[in-house]
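Encoded as C-alpha coordinates, the structure appears first; notes follow it.
Each chain carries a letter (A, B, C and D) given by its place in the written order, and its residues are counted from 1.
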(Lines give C-alpha, C1' and ligand atoms only; values in the text may rest on other atoms or scores of the structure.)
Protein backbone atom coordinates (compact mmCIF):
# COMPACT_ATOMS: atom_id res chain seq x y z
CA UNK A 1 0.00 0.00 0.00
CA UNK A 2 1.22 3.50 -0.72
CA UNK A 3 -0.72 6.59 0.32
CA UNK A 4 -0.13 10.32 0.14
CA UNK A 5 -2.04 13.32 1.53
CA UNK A 6 -2.61 16.59 -0.31
CA UNK A 7 -4.32 19.72 0.98
CA UNK A 8 -6.59 21.94 -1.08
CA UNK A 9 -8.53 25.01 -0.03
CA UNK A 10 -12.13 25.09 -1.30
CA UNK A 11 -12.68 27.90 -3.83
CA UNK A 12 -15.80 30.05 -4.02
CA UNK A 13 -16.18 28.88 -7.63
CA UNK A 14 -16.49 25.30 -6.36
CA UNK A 15 -19.54 26.00 -4.18
CA UNK A 16 -23.11 26.02 -5.46
CA UNK A 17 -26.28 27.63 -4.14
CA UNK A 18 -26.70 24.79 -1.61
CA UNK A 19 -23.73 26.53 0.12
CA UNK A 20 -21.56 23.43 -0.29
CA UNK A 21 -19.07 22.11 -2.82
CA UNK A 22 -20.88 20.99 -6.00
CA UNK A 23 -20.78 17.19 -6.23
CA UNK A 24 -19.08 17.23 -9.63
CA UNK A 25 -16.05 19.10 -8.30
CA UNK A 26 -14.73 16.19 -6.23
CA UNK A 27 -13.40 14.66 -9.45
CA UNK A 28 -10.97 17.62 -9.57
CA UNK A 29 -9.93 17.09 -5.96
CA UNK A 30 -9.27 13.40 -6.73
CA UNK A 31 -7.24 14.43 -9.79
CA UNK A 32 -5.11 16.76 -7.66
CA UNK A 33 -4.68 13.96 -5.11
CA UNK A 34 -3.42 11.55 -7.79
CA UNK A 35 -1.06 14.15 -9.31
CA UNK A 36 0.57 14.83 -5.92
CA UNK A 37 0.64 11.10 -5.11
CA UNK A 38 2.72 10.53 -8.27
CA UNK A 39 4.91 13.59 -7.56
CA UNK A 40 5.68 12.20 -4.08
CA UNK A 41 7.29 9.22 -5.84
CA UNK A 42 9.66 11.48 -7.78
CA UNK A 43 7.62 11.31 -10.97
CA UNK A 44 4.91 13.46 -12.53
CA UNK A 45 1.84 12.73 -14.59
CA UNK A 46 3.01 15.53 -16.91
CA UNK A 47 6.25 13.62 -17.59
CA UNK A 48 4.30 10.43 -18.18
CA UNK A 49 2.25 12.17 -20.89
CA UNK A 50 5.43 13.59 -22.42
CA UNK A 51 6.81 10.05 -22.54
CA UNK A 52 3.74 8.90 -24.44
CA UNK A 53 1.44 7.43 -21.80
CA UNK A 54 -1.98 8.78 -20.94
CA UNK A 55 -4.30 7.75 -18.15
CA UNK A 56 -7.97 8.19 -19.01
CA UNK A 57 -10.47 7.46 -16.25
CA UNK A 58 -12.68 4.45 -16.99
CA UNK A 59 -14.67 4.23 -13.76
CA UNK A 60 -15.48 6.41 -10.77
CA UNK A 61 -17.47 5.70 -7.62
CA UNK A 62 -18.09 8.44 -5.05
CA UNK A 63 -19.90 8.49 -1.71
CA UNK A 64 -20.82 11.91 -0.34
CA UNK A 65 -21.04 11.60 3.44
CA UNK A 66 -20.75 15.21 4.61
CA UNK A 67 -20.50 18.43 2.60
CA UNK A 68 -17.32 20.48 2.17
CA UNK A 69 -17.69 24.23 2.52
CA UNK A 70 -16.14 27.39 1.16
CA UNK A 71 -12.63 28.18 2.42
CA UNK A 72 -12.20 24.84 4.23
CA UNK A 73 -8.71 23.39 3.98
CA UNK A 74 -9.54 19.83 2.99
CA UNK A 75 -7.16 16.88 2.95
CA UNK A 76 -7.29 14.44 0.05
CA UNK A 77 -5.85 11.06 1.00
CA UNK A 78 -4.90 9.05 -2.10
CA UNK A 79 -4.25 5.35 -1.64
CA UNK A 80 -2.97 2.63 -3.95
CA UNK A 81 -3.90 -0.69 -2.34
CA UNK A 82 -2.60 -3.02 -5.05
CA UNK A 83 0.12 -2.76 -7.67
CA UNK A 84 -1.49 -2.88 -11.12
CA UNK A 85 -0.92 -6.27 -12.75
CA UNK A 86 -1.89 -5.09 -16.22
CA UNK A 87 -3.07 -1.85 -17.81
CA UNK A 88 -5.55 -0.95 -15.07
CA UNK A 89 -4.92 0.97 -11.85
CA UNK A 90 -7.41 1.79 -9.09
CA UNK A 91 -6.98 4.63 -6.60
CA UNK A 92 -8.94 5.09 -3.40
CA UNK A 93 -9.53 8.65 -2.24
CA UNK A 94 -10.73 9.99 1.10
CA UNK A 95 -11.50 13.66 1.67
CA UNK A 96 -11.33 15.06 5.23
CA UNK A 97 -12.10 18.51 6.59
CA UNK A 98 -10.00 20.43 9.15
CA UNK A 99 -11.78 18.67 12.03
CA UNK A 100 -10.65 15.36 10.49
CA UNK A 101 -14.21 14.38 9.64
CA UNK A 102 -14.47 12.11 6.61
CA UNK A 103 -16.48 13.99 3.95
CA UNK A 104 -16.20 11.90 0.82
CA UNK A 105 -14.78 8.61 -0.39
CA UNK A 106 -13.99 7.78 -3.98
CA UNK A 107 -12.57 5.01 -6.08
CA UNK A 108 -11.19 6.00 -9.49
CA UNK A 109 -10.03 3.43 -12.03
CA UNK A 110 -7.78 4.45 -14.91
CA UNK A 111 -6.06 2.73 -17.83
CA UNK A 112 -2.49 3.20 -19.01
CA UNK A 113 -2.78 4.01 -22.72
CA UNK A 114 0.05 4.40 -25.22
CA UNK A 115 -0.41 7.65 -27.15
CA UNK A 116 1.51 6.15 -30.11
CA UNK A 117 -0.67 3.07 -30.56
CA UNK A 118 -3.85 4.15 -28.79
CA UNK A 119 -3.73 0.77 -27.04
CA UNK A 120 -3.58 -0.30 -23.41
CA UNK A 121 -0.12 -0.63 -21.96
CA UNK A 122 1.56 -1.39 -18.64
CA UNK A 123 2.52 1.05 -15.88
CA UNK A 124 5.87 2.75 -16.73
CA UNK A 125 8.73 0.62 -15.36
CA UNK A 126 10.38 3.35 -13.29
CA UNK A 127 7.10 4.29 -11.59
CA UNK A 128 6.52 0.63 -10.78
CA UNK A 129 10.04 0.39 -9.40
CA UNK A 130 9.42 3.34 -7.06
CA UNK A 131 6.31 1.63 -5.77
CA UNK A 132 7.66 -1.89 -5.32
CA UNK A 133 9.17 -1.34 -1.84
CA UNK A 134 5.74 -0.38 -0.51
CA UNK A 135 4.20 -3.59 -1.74
CA UNK A 136 6.85 -6.15 -0.79
CA UNK A 137 5.89 -8.77 1.80
CA UNK A 138 8.35 -7.62 4.42
CA UNK A 139 7.68 -3.90 4.07
CA UNK A 140 7.36 -2.64 7.61
CA UNK A 141 6.75 1.11 7.55
CA UNK B 1 -40.15 3.39 -15.45
CA UNK B 2 -40.00 6.96 -16.66
CA UNK B 3 -37.23 8.24 -18.90
CA UNK B 4 -36.49 11.50 -20.66
CA UNK B 5 -33.82 12.55 -23.17
CA UNK B 6 -31.97 15.87 -23.15
CA UNK B 7 -29.45 17.14 -25.65
CA UNK B 8 -26.37 19.14 -24.77
CA UNK B 9 -23.60 20.41 -27.01
CA UNK B 10 -20.09 19.88 -25.62
CA UNK B 11 -18.37 23.18 -24.78
CA UNK B 12 -14.70 23.92 -25.39
CA UNK B 13 -14.41 24.67 -21.66
CA UNK B 14 -15.45 21.08 -20.95
CA UNK B 15 -12.58 19.50 -22.88
CA UNK B 16 -9.11 18.93 -21.46
CA UNK B 17 -5.72 18.48 -23.10
CA UNK B 18 -6.52 14.82 -23.82
CA UNK B 19 -8.90 16.36 -26.44
CA UNK B 20 -11.92 14.81 -24.76
CA UNK B 21 -14.48 15.88 -22.17
CA UNK B 22 -12.87 15.95 -18.70
CA UNK B 23 -14.24 13.07 -16.64
CA UNK B 24 -15.48 15.36 -13.87
CA UNK B 25 -17.81 17.24 -16.24
CA UNK B 26 -20.23 14.34 -16.71
CA UNK B 27 -21.69 15.18 -13.28
CA UNK B 28 -22.94 18.43 -14.89
CA UNK B 29 -24.45 16.56 -17.83
CA UNK B 30 -26.25 14.23 -15.41
CA UNK B 31 -27.50 17.28 -13.47
CA UNK B 32 -28.89 18.81 -16.67
CA UNK B 33 -30.50 15.45 -17.50
CA UNK B 34 -32.26 15.30 -14.12
CA UNK B 35 -33.40 18.94 -14.32
CA UNK B 36 -35.02 18.35 -17.74
CA UNK B 37 -36.45 14.99 -16.60
CA UNK B 38 -38.28 16.82 -13.78
CA UNK B 39 -39.35 19.66 -16.12
CA UNK B 40 -40.87 17.09 -18.51
CA UNK B 41 -43.24 16.14 -15.67
CA UNK B 42 -44.48 19.74 -15.35
CA UNK B 43 -42.34 20.48 -12.31
CA UNK B 44 -38.92 22.04 -11.78
CA UNK B 45 -36.11 21.44 -9.34
CA UNK B 46 -36.03 25.22 -8.83
CA UNK B 47 -39.65 25.15 -7.61
CA UNK B 48 -38.84 22.22 -5.34
CA UNK B 49 -36.09 24.24 -3.67
CA UNK B 50 -38.42 27.25 -3.36
CA UNK B 51 -40.92 24.94 -1.62
CA UNK B 52 -38.26 23.93 0.87
CA UNK B 53 -36.87 20.65 -0.45
CA UNK B 54 -33.29 20.12 -1.55
CA UNK B 55 -31.75 17.10 -3.21
CA UNK B 56 -28.08 16.63 -2.35
CA UNK B 57 -26.26 13.83 -4.13
CA UNK B 58 -25.16 11.05 -1.77
CA UNK B 59 -23.66 8.59 -4.25
CA UNK B 60 -22.46 8.55 -7.85
CA UNK B 61 -21.14 5.75 -10.02
CA UNK B 62 -19.86 6.44 -13.54
CA UNK B 63 -18.46 4.20 -16.27
CA UNK B 64 -16.56 5.92 -19.08
CA UNK B 65 -16.82 3.71 -22.17
CA UNK B 66 -15.96 6.12 -25.01
CA UNK B 67 -14.91 9.76 -24.90
CA UNK B 68 -17.13 12.69 -25.83
CA UNK B 69 -15.54 15.38 -27.95
CA UNK B 70 -15.79 19.10 -28.51
CA UNK B 71 -18.91 20.31 -30.32
CA UNK B 72 -20.63 16.91 -30.26
CA UNK B 73 -24.36 17.06 -29.64
CA UNK B 74 -24.71 14.44 -26.95
CA UNK B 75 -27.94 12.93 -25.67
CA UNK B 76 -28.38 12.38 -21.95
CA UNK B 77 -30.97 9.71 -21.23
CA UNK B 78 -32.26 9.97 -17.64
CA UNK B 79 -34.17 7.02 -16.26
CA UNK B 80 -36.09 6.43 -13.04
CA UNK B 81 -36.51 2.68 -12.69
CA UNK B 82 -38.26 2.63 -9.32
CA UNK B 83 -40.46 5.06 -7.46
CA UNK B 84 -38.68 6.11 -4.27
CA UNK B 85 -40.22 4.43 -1.24
CA UNK B 86 -38.59 6.76 1.26
CA UNK B 87 -36.22 9.74 1.13
CA UNK B 88 -33.84 8.24 -1.42
CA UNK B 89 -34.08 8.37 -5.22
CA UNK B 90 -31.74 6.80 -7.77
CA UNK B 91 -31.40 7.98 -11.37
CA UNK B 92 -29.71 6.08 -14.17
CA UNK B 93 -28.05 8.13 -16.88
CA UNK B 94 -26.78 7.12 -20.31
CA UNK B 95 -24.86 9.49 -22.56
CA UNK B 96 -24.89 8.91 -26.34
CA UNK B 97 -23.12 10.71 -29.17
CA UNK B 98 -24.66 11.68 -32.53
CA UNK B 99 -23.87 8.24 -33.96
CA UNK B 100 -25.90 6.75 -31.09
CA UNK B 101 -22.84 5.17 -29.54
CA UNK B 102 -23.08 4.77 -25.77
CA UNK B 103 -20.32 6.92 -24.22
CA UNK B 104 -21.00 6.91 -20.51
CA UNK B 105 -23.34 5.37 -17.95
CA UNK B 106 -24.02 6.78 -14.52
CA UNK B 107 -26.11 6.11 -11.46
CA UNK B 108 -26.72 9.06 -9.16
CA UNK B 109 -28.45 8.66 -5.79
CA UNK B 110 -29.93 11.68 -4.03
CA UNK B 111 -31.85 12.36 -0.82
CA UNK B 112 -34.90 14.55 -0.39
CA UNK B 113 -34.00 16.94 2.44
CA UNK B 114 -36.27 19.46 4.13
CA UNK B 115 -34.54 22.85 4.22
CA UNK B 116 -36.57 23.80 7.34
CA UNK B 117 -35.55 20.82 9.47
CA UNK B 118 -32.37 19.69 7.69
CA UNK B 119 -33.81 16.18 7.87
CA UNK B 120 -34.66 13.57 5.26
CA UNK B 121 -38.14 13.78 3.85
CA UNK B 122 -40.30 12.09 1.19
CA UNK B 123 -40.62 13.01 -2.49
CA UNK B 124 -43.09 15.92 -2.92
CA UNK B 125 -46.61 14.52 -3.31
CA UNK B 126 -47.42 16.24 -6.62
CA UNK B 127 -44.19 15.03 -8.24
CA UNK B 128 -44.96 11.50 -7.06
CA UNK B 129 -48.49 11.83 -8.46
CA UNK B 130 -47.13 12.80 -11.90
CA UNK B 131 -44.92 9.74 -11.86
CA UNK B 132 -47.43 7.17 -10.64
CA UNK B 133 -49.00 6.39 -14.06
CA UNK B 134 -45.59 5.32 -15.37
CA UNK B 135 -45.13 2.83 -12.56
CA UNK B 136 -48.60 1.22 -12.39
CA UNK B 137 -48.88 -2.44 -13.31
CA UNK B 138 -51.10 -1.89 -16.31
CA UNK B 139 -49.16 1.01 -17.78
CA UNK B 140 -48.98 0.31 -21.48
CA UNK B 141 -47.09 3.12 -23.19
CA UNK C 1 -22.69 44.01 -38.45
CA UNK C 2 -23.70 40.42 -37.94
CA UNK C 3 -25.32 39.19 -34.74
CA UNK C 4 -26.77 35.91 -33.56
CA UNK C 5 -28.67 34.90 -30.42
CA UNK C 6 -28.16 31.66 -28.50
CA UNK C 7 -30.09 30.42 -25.49
CA UNK C 8 -28.55 28.59 -22.55
CA UNK C 9 -30.19 27.37 -19.37
CA UNK C 10 -28.20 28.11 -16.20
CA UNK C 11 -26.90 24.92 -14.56
CA UNK C 12 -26.79 24.33 -10.80
CA UNK C 13 -23.05 23.75 -11.20
CA UNK C 14 -22.70 27.31 -12.48
CA UNK C 15 -24.13 28.94 -9.36
CA UNK C 16 -22.12 29.73 -6.24
CA UNK C 17 -23.13 30.26 -2.62
CA UNK C 18 -24.16 33.85 -3.42
CA UNK C 19 -27.11 32.11 -5.18
CA UNK C 20 -26.08 33.57 -8.54
CA UNK C 21 -23.95 32.50 -11.49
CA UNK C 22 -20.24 32.62 -10.56
CA UNK C 23 -18.60 35.53 -12.39
CA UNK C 24 -16.02 33.27 -14.06
CA UNK C 25 -18.69 31.21 -15.82
CA UNK C 26 -19.72 33.97 -18.23
CA UNK C 27 -16.61 33.21 -20.28
CA UNK C 28 -18.25 29.84 -21.07
CA UNK C 29 -21.51 31.53 -22.07
CA UNK C 30 -19.58 33.86 -24.39
CA UNK C 31 -17.76 30.83 -25.86
CA UNK C 32 -21.10 29.12 -26.57
CA UNK C 33 -22.37 32.36 -28.11
CA UNK C 34 -19.37 32.57 -30.47
CA UNK C 35 -19.64 28.88 -31.44
CA UNK C 36 -23.30 29.26 -32.41
CA UNK C 37 -22.61 32.58 -34.15
CA UNK C 38 -20.10 30.77 -36.40
CA UNK C 39 -22.45 27.80 -36.91
CA UNK C 40 -25.20 30.20 -38.05
CA UNK C 41 -22.89 31.14 -40.94
CA UNK C 42 -22.65 27.53 -42.10
CA UNK C 43 -19.24 27.01 -40.53
CA UNK C 44 -18.01 25.62 -37.20
CA UNK C 45 -15.13 26.44 -34.92
CA UNK C 46 -14.44 22.69 -34.79
CA UNK C 47 -13.91 22.64 -38.57
CA UNK C 48 -11.68 25.67 -38.33
CA UNK C 49 -9.43 23.85 -35.85
CA UNK C 50 -9.42 20.76 -38.08
CA UNK C 51 -8.28 23.00 -40.95
CA UNK C 52 -5.39 24.24 -38.85
CA UNK C 53 -6.58 27.52 -37.36
CA UNK C 54 -7.01 28.18 -33.67
CA UNK C 55 -8.51 31.19 -31.96
CA UNK C 56 -6.99 31.85 -28.55
CA UNK C 57 -8.53 34.68 -26.52
CA UNK C 58 -6.15 37.61 -25.99
CA UNK C 59 -8.42 40.03 -24.15
CA UNK C 60 -11.73 39.99 -22.29
CA UNK C 61 -13.73 42.77 -20.69
CA UNK C 62 -16.92 42.01 -18.75
CA UNK C 63 -19.44 44.19 -16.95
CA UNK C 64 -21.77 42.45 -14.51
CA UNK C 65 -24.95 44.53 -14.26
CA UNK C 66 -27.45 42.06 -12.79
CA UNK C 67 -26.97 38.48 -11.64
CA UNK C 68 -28.19 35.42 -13.54
CA UNK C 69 -29.85 32.73 -11.47
CA UNK C 70 -30.28 28.99 -11.47
CA UNK C 71 -32.58 27.56 -14.16
CA UNK C 72 -32.99 30.88 -15.98
CA UNK C 73 -33.07 30.59 -19.75
CA UNK C 74 -30.61 33.29 -20.70
CA UNK C 75 -30.02 34.70 -24.17
CA UNK C 76 -26.48 35.36 -25.33
CA UNK C 77 -26.37 37.94 -28.10
CA UNK C 78 -23.08 37.75 -30.02
CA UNK C 79 -22.21 40.66 -32.28
CA UNK C 80 -19.44 41.28 -34.80
CA UNK C 81 -19.34 45.02 -35.42
CA UNK C 82 -16.37 45.13 -37.76
CA UNK C 83 -14.83 42.67 -40.19
CA UNK C 84 -11.33 41.81 -39.01
CA UNK C 85 -8.72 43.52 -41.15
CA UNK C 86 -5.87 41.37 -39.92
CA UNK C 87 -5.41 38.52 -37.45
CA UNK C 88 -7.56 40.02 -34.70
CA UNK C 89 -11.31 39.72 -34.20
CA UNK C 90 -13.45 41.31 -31.49
CA UNK C 91 -16.87 40.02 -30.45
CA UNK C 92 -19.38 41.88 -28.33
CA UNK C 93 -21.65 39.79 -26.11
CA UNK C 94 -24.81 40.74 -24.25
CA UNK C 95 -26.57 38.37 -21.86
CA UNK C 96 -30.29 38.82 -21.20
CA UNK C 97 -32.66 36.99 -18.85
CA UNK C 98 -36.18 35.81 -19.71
CA UNK C 99 -37.61 39.22 -18.80
CA UNK C 100 -35.24 40.72 -21.39
CA UNK C 101 -33.21 42.49 -18.73
CA UNK C 102 -29.58 43.03 -19.69
CA UNK C 103 -27.45 41.08 -17.18
CA UNK C 104 -23.93 41.21 -18.55
CA UNK C 105 -21.95 42.73 -21.37
CA UNK C 106 -18.65 41.44 -22.64
CA UNK C 107 -16.06 42.12 -25.29
CA UNK C 108 -13.77 39.24 -26.22
CA UNK C 109 -10.81 39.68 -28.55
CA UNK C 110 -9.22 36.66 -30.24
CA UNK C 111 -6.40 36.03 -32.69
CA UNK C 112 -6.44 33.71 -35.70
CA UNK C 113 -3.38 31.47 -35.23
CA UNK C 114 -2.04 28.92 -37.68
CA UNK C 115 -1.46 25.61 -35.87
CA UNK C 116 1.25 24.68 -38.39
CA UNK C 117 3.40 27.79 -37.92
CA UNK C 118 2.21 28.99 -34.52
CA UNK C 119 1.95 32.43 -36.10
CA UNK C 120 -0.90 34.91 -36.55
CA UNK C 121 -2.91 34.48 -39.70
CA UNK C 122 -6.00 35.96 -41.37
CA UNK C 123 -9.63 34.90 -40.96
CA UNK C 124 -10.39 31.86 -43.19
CA UNK C 125 -11.48 33.08 -46.63
CA UNK C 126 -14.80 31.20 -46.76
CA UNK C 127 -15.85 32.50 -43.33
CA UNK C 128 -15.00 36.04 -44.45
CA UNK C 129 -17.02 35.48 -47.62
CA UNK C 130 -20.08 34.44 -45.60
CA UNK C 131 -19.78 37.62 -43.56
CA UNK C 132 -19.17 40.10 -46.36
CA UNK C 133 -22.85 40.65 -47.29
CA UNK C 134 -23.55 41.83 -43.73
CA UNK C 135 -20.83 44.45 -43.91
CA UNK C 136 -21.36 45.87 -47.41
CA UNK C 137 -22.56 49.46 -47.67
CA UNK C 138 -25.85 48.60 -49.33
CA UNK C 139 -26.80 45.77 -47.00
CA UNK C 140 -30.48 46.27 -46.33
CA UNK C 141 -31.70 43.55 -43.97
CA UNK D 1 -0.24 49.83 -2.03
CA UNK D 2 -0.57 46.38 -0.57
CA UNK D 3 0.22 43.24 -2.56
CA UNK D 4 0.35 39.54 -1.80
CA UNK D 5 1.49 36.52 -3.83
CA UNK D 6 -0.28 33.16 -3.92
CA UNK D 7 0.82 30.02 -5.71
CA UNK D 8 -1.52 27.61 -7.47
CA UNK D 9 -0.71 24.50 -9.45
CA UNK D 10 -2.62 24.20 -12.74
CA UNK D 11 -5.09 21.28 -12.71
CA UNK D 12 -5.74 18.98 -15.66
CA UNK D 13 -9.40 19.99 -15.40
CA UNK D 14 -8.39 23.60 -16.07
CA UNK D 15 -6.79 22.84 -19.45
CA UNK D 16 -8.70 22.60 -22.72
CA UNK D 17 -7.92 20.90 -26.01
CA UNK D 18 -5.65 23.81 -27.01
CA UNK D 19 -3.33 22.29 -24.34
CA UNK D 20 -3.47 25.46 -22.28
CA UNK D 21 -5.54 26.80 -19.39
CA UNK D 22 -9.05 27.71 -20.60
CA UNK D 23 -9.41 31.49 -20.62
CA UNK D 24 -12.44 31.41 -18.32
CA UNK D 25 -10.48 29.73 -15.51
CA UNK D 26 -8.34 32.77 -14.71
CA UNK D 27 -11.33 34.25 -12.87
CA UNK D 28 -10.87 31.39 -10.36
CA UNK D 29 -7.15 32.13 -10.02
CA UNK D 30 -7.94 35.79 -9.37
CA UNK D 31 -10.54 34.75 -6.76
CA UNK D 32 -7.94 32.59 -4.99
CA UNK D 33 -5.50 35.50 -5.15
CA UNK D 34 -8.00 37.86 -3.49
CA UNK D 35 -8.93 35.32 -0.81
CA UNK D 36 -5.27 34.85 0.18
CA UNK D 37 -4.63 38.60 -0.03
CA UNK D 38 -7.38 39.14 2.57
CA UNK D 39 -6.13 36.22 4.71
CA UNK D 40 -2.63 37.77 4.75
CA UNK D 41 -4.20 40.75 6.56
CA UNK D 42 -5.56 38.50 9.33
CA UNK D 43 -9.07 38.49 7.94
CA UNK D 44 -11.01 36.14 5.63
CA UNK D 45 -13.64 36.65 2.98
CA UNK D 46 -15.58 33.84 4.67
CA UNK D 47 -15.73 35.86 7.92
CA UNK D 48 -16.81 38.93 5.97
CA UNK D 49 -19.77 37.01 4.55
CA UNK D 50 -20.62 35.66 8.01
CA UNK D 51 -20.64 39.25 9.26
CA UNK D 52 -23.12 40.19 6.56
CA UNK D 53 -21.03 41.66 3.76
CA UNK D 54 -20.75 40.19 0.27
CA UNK D 55 -18.48 41.23 -2.56
CA UNK D 56 -20.00 40.58 -5.98
CA UNK D 57 -17.79 41.30 -8.98
CA UNK D 58 -19.06 44.18 -11.12
CA UNK D 59 -16.29 44.43 -13.70
CA UNK D 60 -13.39 42.33 -14.96
CA UNK D 61 -10.70 43.07 -17.54
CA UNK D 62 -8.19 40.41 -18.52
CA UNK D 63 -5.24 40.39 -20.92
CA UNK D 64 -3.91 36.98 -21.96
CA UNK D 65 -0.25 37.43 -22.91
CA UNK D 66 1.13 33.88 -22.70
CA UNK D 67 -0.66 30.61 -21.96
CA UNK D 68 -0.40 28.70 -18.68
CA UNK D 69 0.04 24.95 -18.97
CA UNK D 70 -0.84 21.81 -17.06
CA UNK D 71 1.08 21.24 -13.82
CA UNK D 72 2.78 24.64 -13.87
CA UNK D 73 3.11 26.26 -10.45
CA UNK D 74 1.82 29.72 -11.21
CA UNK D 75 2.09 32.79 -8.98
CA UNK D 76 -0.89 35.10 -8.65
CA UNK D 77 0.15 38.58 -7.55
CA UNK D 78 -2.81 40.51 -6.11
CA UNK D 79 -2.41 44.25 -5.69
CA UNK D 80 -4.55 46.94 -4.11
CA UNK D 81 -3.32 50.26 -5.45
CA UNK D 82 -5.83 52.54 -3.75
CA UNK D 83 -7.88 52.30 -0.57
CA UNK D 84 -11.56 52.23 -1.51
CA UNK D 85 -13.21 55.55 -0.78
CA UNK D 86 -16.74 54.22 -1.04
CA UNK D 87 -18.38 50.85 -1.77
CA UNK D 88 -16.10 49.95 -4.70
CA UNK D 89 -12.74 48.19 -4.60
CA UNK D 90 -10.46 47.37 -7.54
CA UNK D 91 -7.81 44.65 -7.47
CA UNK D 92 -5.01 44.23 -9.98
CA UNK D 93 -3.82 40.68 -10.65
CA UNK D 94 -0.70 39.43 -12.41
CA UNK D 95 -0.11 35.75 -13.13
CA UNK D 96 3.47 34.49 -13.57
CA UNK D 97 4.83 31.07 -14.44
CA UNK D 98 7.81 29.34 -12.79
CA UNK D 99 10.22 31.12 -15.15
CA UNK D 100 8.76 34.43 -13.88
CA UNK D 101 7.24 35.21 -17.25
CA UNK D 102 4.10 37.33 -17.03
CA UNK D 103 1.20 35.27 -18.43
CA UNK D 104 -1.91 37.26 -17.64
CA UNK D 105 -2.98 40.56 -16.15
CA UNK D 106 -6.40 41.29 -14.73
CA UNK D 107 -8.33 44.03 -13.03
CA UNK D 108 -11.36 42.99 -11.01
CA UNK D 109 -13.75 45.51 -9.49
CA UNK D 110 -16.12 44.49 -6.70
CA UNK D 111 -18.75 46.18 -4.53
CA UNK D 112 -19.22 45.81 -0.79
CA UNK D 113 -22.88 44.84 -0.37
CA UNK D 114 -24.77 44.48 2.91
CA UNK D 115 -26.62 41.15 2.93
CA UNK D 116 -29.23 42.60 5.31
CA UNK D 117 -30.22 45.57 3.13
CA UNK D 118 -29.03 44.42 -0.28
CA UNK D 119 -27.43 47.87 -0.60
CA UNK D 120 -23.90 49.08 -1.19
CA UNK D 121 -21.86 49.62 1.93
CA UNK D 122 -18.31 50.59 2.94
CA UNK D 123 -15.32 48.30 3.46
CA UNK D 124 -15.44 46.73 6.97
CA UNK D 125 -13.67 49.03 9.42
CA UNK D 126 -11.20 46.46 10.77
CA UNK D 127 -10.10 45.43 7.28
CA UNK D 128 -9.58 49.08 6.40
CA UNK D 129 -7.58 49.53 9.61
CA UNK D 130 -5.26 46.65 8.67
CA UNK D 131 -4.66 48.27 5.30
CA UNK D 132 -4.12 51.84 6.41
CA UNK D 133 -0.39 51.50 7.27
CA UNK D 134 0.32 50.44 3.68
CA UNK D 135 -1.31 53.53 2.28
CA UNK D 136 0.00 56.22 4.61
CA UNK D 137 2.24 58.91 3.13
CA UNK D 138 5.30 57.94 5.09
CA UNK D 139 5.04 54.20 4.54
CA UNK D 140 8.51 53.17 3.54
CA UNK D 141 8.56 49.41 2.99
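Convention: a contact is a pair of C-beta atoms (placed from the backbone, for glycine too) under 8 Å apart; a residue touches a chain by one contact, two chains touch by 3 or more.
Keep in mind it's a predicted model, so treat the numbers as computed, not measured.
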Reference chain A; chain at largest CA-centroid distance: C
Measuring centre to centre with CA averages, how many angstrom lie between chain A and chain B? 26
Averaged over CA atoms, how far is the centre of chain A from the centre of chain D? Could you give it in whole Å? 29
What parts of chain A, by residue number, touch at least two of the other chains? 12-13, 20, 22, 24, 27-28, 31, 70
Given which chains touch which, is the overall layout a line, a ring, a star, complete, or other? complete
Residue positions on chain C within touch of chain D in the complex are 18, 20, 22-28, 31, 54, 56-64, 67
In the complex, chain C touches chain B at residues 9, 11-13, 27-28, 31-32, 35, 44-46, 70-71
Enumerate the contact residues on chain D facing chain B in the complex. 12-13, 15-17, 19-20, 22, 24, 70
